[in-house]
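Before we start, here is the structure in question, set down as structure tokens.
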Amino acid sequence: MDFNYVIAMLLVALGLYCLLLKRNLIKIIIGLAVLTDGIHLFLISLGYRAGGTAAIVSGEMFLDLPGFAAHAVDPIPQALVLTSIVINICILALALSLAIYAYRHYKTLNPSKMRRLRG
Amino acid sequence: MITQLSFPILLISVLMPLLLSISFPFLGRRLKPKKLAIVSFILLLVPLVTITSIFMTPTLRGGAVDPPFFSHPFAGSFSMLLDPLSAPFAFGIGLVTALVALYSASYMKHRIEEMEHEGLTPPSIGTYFMLYTMFSAAMMGLVLSTNLIEFYIFLELALLPSFFLIIWYGYGNRIRTAIMYLLWTHIGGLLFLLGVLAFGSSTGTFDILNMQTLTFNVGLGANLPIVVMLMITIGLLIKMAVFGVHIWLPYAHAEAPTPVSALLSPALIGISGYALIRISYILFTTQFQEISTILLGLALLTMIYGGLMALAQDDFKRLLAYSSISQMGYILLGISTLTINGVTGGMLHFMTHAIGKSVLFMVAGSLIVQFRGLRSIGKMGGLASKVPITATLTLIGFLFLVGIPPTLGLWSKLYIIVGTLDKAMAMGTIALVLISICLVVGAGMTAAYSFFTLKRIFLGRTPRALAGESVRGWSNLTAVIALVAIVGVALFLYPAVFIDPLKDFLGPLLPSTP
Amino acid sequence: MAGAFLTPLVDVLAKRMNHPRARDYFALAVTVGTLLLVVDMATSVLGGDILVYKLGGWAPPLGINLAVDGLGLLVGLIVAGISTLVVIYSFVFMRQESGLGQYYTLMLLLTAGMMGVAFTGDIFNLYVFFEIMAISSYALVAFRRSKISIEGAIKYLIVGSLGTSFILLGIALLYGSTGTLNIADIASKLAVINTTSGSTPLISIIALTLFVVGFGIKVGMIPFHAWLPDAYQAAPSPISAIMAGGTAIVGVGALLRVSYFIFGAPMVGPLLIGLGLVTMVLGAFMALVQRDLKRLLAYSGISQMGYILLSIGLGTALGITGGLFHMLNNAVYKSLLFLAVGAIIYRVKTSRIDELGGLGRKMPITAGIFLVGALALAGMPPFNGFASKLTIFLAGIDAGYPILSGIAAIISVVTLAYMIRAFIAVFLGPQTGRFENVKEAPRSMLFPMMVLAAVCVVLGVLPQLGFSAVEPAQEVLLNPSSYIGEVIPGA
Amino acid sequence: MKRVLTFGMVVAVGALLIFTVSTDLLPFGSFPQRQVGEDIKNAIGQQILVEAPEDTGSANVVTSVVWGYRGYDTLGEVTVLFTAVVGVLAVLRAVGKRE
């Protein structure tokens, strides 16, 4: 069993569950965060090399670059996750600001009670 | 033989009114309705003169086709063709549309004033003439097209302006009527289109006329499943409003403004009859022969049903609309016999009907104008003394429908009946007897509603409500009607102009023994 | 040429200046500049070239590259054109609103995001630009801050973020199985995987499903459409127009790029046909019962997306041509209709069909333009919708599914019915006293609408123009190997 | 009912995802190998690890990826951040005045 993968997917499923079934806007947004974090964990895990080191060249490693390349973990997923985390934060910020506004308007965070739009 | 013209004169004569009509709303602000009508008349005269001069040139009598103006790898080449088959249609449409344009001026002025009186604000008369001219030019293009897609495009191009004419200037519950008209005929059109696409995608061409060899693609669809042919035919039958799919017609034709009824009723629906021969028969020869007997029955049914319903009407325009259904029965009857005489008669009857029915609708319109919206036959009576000329014209109009000399109707009905009897004889004694009975009933019914209506409108006692009305006997309206009637009568004397080339054309196409 | 690729960036960098007066013209200048650059690229791309630009000079599989092929160009052209017109339209339409600095900034960011998605050659980069597009559109939907716009935006945001997360997960799965992020590289590696194992591995199927769901949400594909009518109704009309004519088109473009390039037509086709069919039918019937003009247009947009997906799913050259052509046409007349409705809202302050009536007299030009759009949408000649619908019907019959063409034709009648009903209800009929003083829309709003209406007519009368714009995109979709070869030489 | 269905769907999706990642991917920790066909190829990350220290001169390879190889992504990321800031400002503009 690849625990990292499985747990990442569990997180995704958990996030999905919150997103689809919770009735509180804040919880829904938390679900979104959990969902993306699951994906981030998955991405990072993809880049792991058994017994690998961080992809930072330090000290004497400069002398043995091929050796470093053979032992470091994948830098790309790390870069992707960095980007993705920032993006995700942005979405959460926007979502929360909308939630604040929605609460001002409706005095509730339950989306099923916000029913102005029909059809 | 079909000759290829070096110059797309037919196309230009159709496109000129179609495109220039866009300027009418702007012209409408400067010019009076009468001058507008004359401009529209002149525009519509262009195709009429073009086709007449081409058809009168002996070398081009066998058919003349434009160089293709559009070609596409899978849509084929679009062109315009005038041949003995399309000539009666093109001529009938050209004549009626041009003259009705003149008639429109006074009528629509009246109609718009009437609507404003009711507190409505219809679009200006310039818009009317734009739509009217577009509609007319599209019908002309429809008859002349050589490609199935082109035919469909013109079909929809004719549908749209007529829809707006009804919805803006119509009577009664015009919005409902117009939507019904639009959707029914659009469904018919789409059915036709799907059939056409199926045909095109399996045969690789949408051309009716092969532009290289200048011959028709006769029987090209012979190997296709019959469904394809049925789709095209049923699509056309919906447009033709034969019995069973006729529901939209009485509403649309009765509630349209009268000049438009005068085009809709005889011209637009009759074109479907033309398309039955030009498309369904020529492309699907064998399949069409298989279903011709069913069509024959349908034709008789339509004929008798239309006649019966017409007898029961009180509204003059509605009566005319039902009578159109009945006359469509005649056209379909002629076509479904697939004998030379029958088909010739059917094609000729389009012209008869176009002239006769437009005369009648215009008469109905002039009564509406002269007697302030009078449409109910029950409220009329003894009008012959007030409007003698109108009465005479009505008589002539009905003579066209019944087929009594001196009208073209005589020839077309004669040919249809001869053709039908030929076919009936070939089908056996029982069929002969049955069909003869139907023919007699149908003819009797036409005569009955014609003369009965005449009597109720023009003879007898004048109702008190109308007694005080003073009417001008000779107005612009009647002049135009008379002009149409005179041309119709003139054609009675020289029907051979159309009949002989038609027979020559149809001879090799139709089965030798029915 | 390199400048053309960088336009999105220029957009981004330049918008920090916020002079109240100059801002309108600045926004216009940026969009016009973008449009001109795209048109400039068009000449070479339509000639059959594929432009590849390596950002930072890194070779494609390692670095990110931009690649403009027929598909990207088509989408880019639509997006740039529509954004330009919408910016012009916004000058007057949005005048009374506060926070216009943010409005134009977000609008340009939206455009930048869309252009980025259209041109990028890297799948993670596509995700990033997709997010730019998504976030700016969330904010724009919420821009009015009324109850409905907040609610519409929240729905849109939650569903949309779910979609983008799915896309990200799909990207992760693809990276896990191929170890690369370049679209062309992934495509060639997956092709190797499929041929050696003889079948498609489950992981690819899952990734495909995730992509279809993710992009499908953005496109408004049923059953992922629930947010769309709310968002379109809630957004200011120019934004609805840009979303219908831009964002949705970009969604289709991205879906096609990912699914056709990476997974190949035979695998995607049936899926697209099925979803397209459902979308088309349900969208049309839901449009039939709407009481609000903007919702009606939103549902009709969903229905038209169905046509596009259906046609492209057929997988034949004719089908793809028809679908892409319909995509182009749909962008034109759908944004036209939204702008026309915007003009009505601007003058009358409502878009409820029941409250409107008899506006034809007061706003004749708007009425005429709306009519052009409605008829084009219903597929009536001589407008552009006719040409593309005809191609779609023909493609259906040609590909051996006449029944699909039949259903599409029936839906086309339904479309005509609801559009004509809407037209009659809004512009004809009795006038109510409320609209006594209604005037025609201002000129700067009419101008973009007239341009779009003219495009409708021109593409309808001369469909060859549309076909020639679509042809390179169709070739690229049917034959991705040229693209792959261009991006990664020797792959 | 609807909730139960949704819940079932979530469970099914989760199970499917877990099943997929644990069977169809190479086991955890097996970077740089990625299975492409019969031969196992290295992910592009490996190539970057080899080339980056010399190409960019940065000690941290992740940095060179973020700012070098995938610089355009970073630019996009900054743009997203900017978008979000503008978006939040747009949504929350002048909240106080409205009360």
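As written, the chain order gives the labels A, B, C and D, with residue 1 at the start of each chain.
Simple rule for what comes next: contacts are C-beta pairs under 8 Å (C-beta built on N, C-alpha and C of every residue); 3 or more make two chains touch, one makes a residue touch a chain.
What you are looking at is a predicted structure, and each value in this text was computed from that prediction instead of being measured.
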Between chain B and chain D, the fewest steps along chains that touch one another: 2
Between chain A and chain D, what is the gap in Å from one C-alpha centre to the other? 8
How many angstrom lie between the centres of chain A and chain B, each centre taken as the mean Cα position? 70
Taking the mean of the CA coordinates per chain, how far is chain C from chain D in Å? 25
Where chain A and chain C are represented by their mean Cα positions, the distance between them in whole Å: 28
Within chain D, the set of residues that touch 2 or more other chains is 17, 21, 25, 32, 43-45, 48, 69-70, 73, 76-77, 80, 83-84, 87-88, 91
Where chain C touches two or more other chains at once, the residues are 124, 128, 131, 135, 138-139, 142, 145, 153, 169, 175-176, 181
Would you pick out the residues of chain B that each touch at least 2 other chains? none
All chain pairs satisfying the touch rule are A-C, A-D, B-C, C-D
Which of the residues in chain C come into contact with chain A in the complex? 124, 128, 131, 135, 138-139, 142, 145, 147-148, 150-155, 157-158, 161-162, 165, 168-169, 172, 175-176, 181, 229-230, 233-234, 286, 289-292, 295
In the complex, the residues of chain C that touch chain D are 9, 12, 55-56, 58, 61-64, 98-99, 102-103, 105-106, 109, 112, 116, 122, 124-125, 128-129, 131-132, 135-136, 138-140, 142-143, 145, 153, 169, 173, 175-181, 185, 189, 192-193, 195-197, 201-203, 206
For the complex, give me every residue of chain D touching chain C. 16-17, 20-21, 23-25, 32, 34-38, 41-45, 47-48, 51, 68-73, 75-77, 79-80, 82-84, 86-91, 93-94
Residue numbers on chain C that touch chain B, as the complex places them: 318, 360-361, 375, 380-382, 386, 390, 393-394, 397-398, 402, 405-406, 409-410, 412-413, 416-417, 420-421, 424, 428-429, 431, 463-464
In the complex of these two chains, what residues of chain D are touching chain A? 3, 6-7, 9-11, 13-15, 17-18, 21-22, 25, 27-32, 43-46, 48-50, 52-54, 59-62, 64-66, 69-70, 73-74, 76-77, 80-81, 83-84, 87-88, 91-92, 95
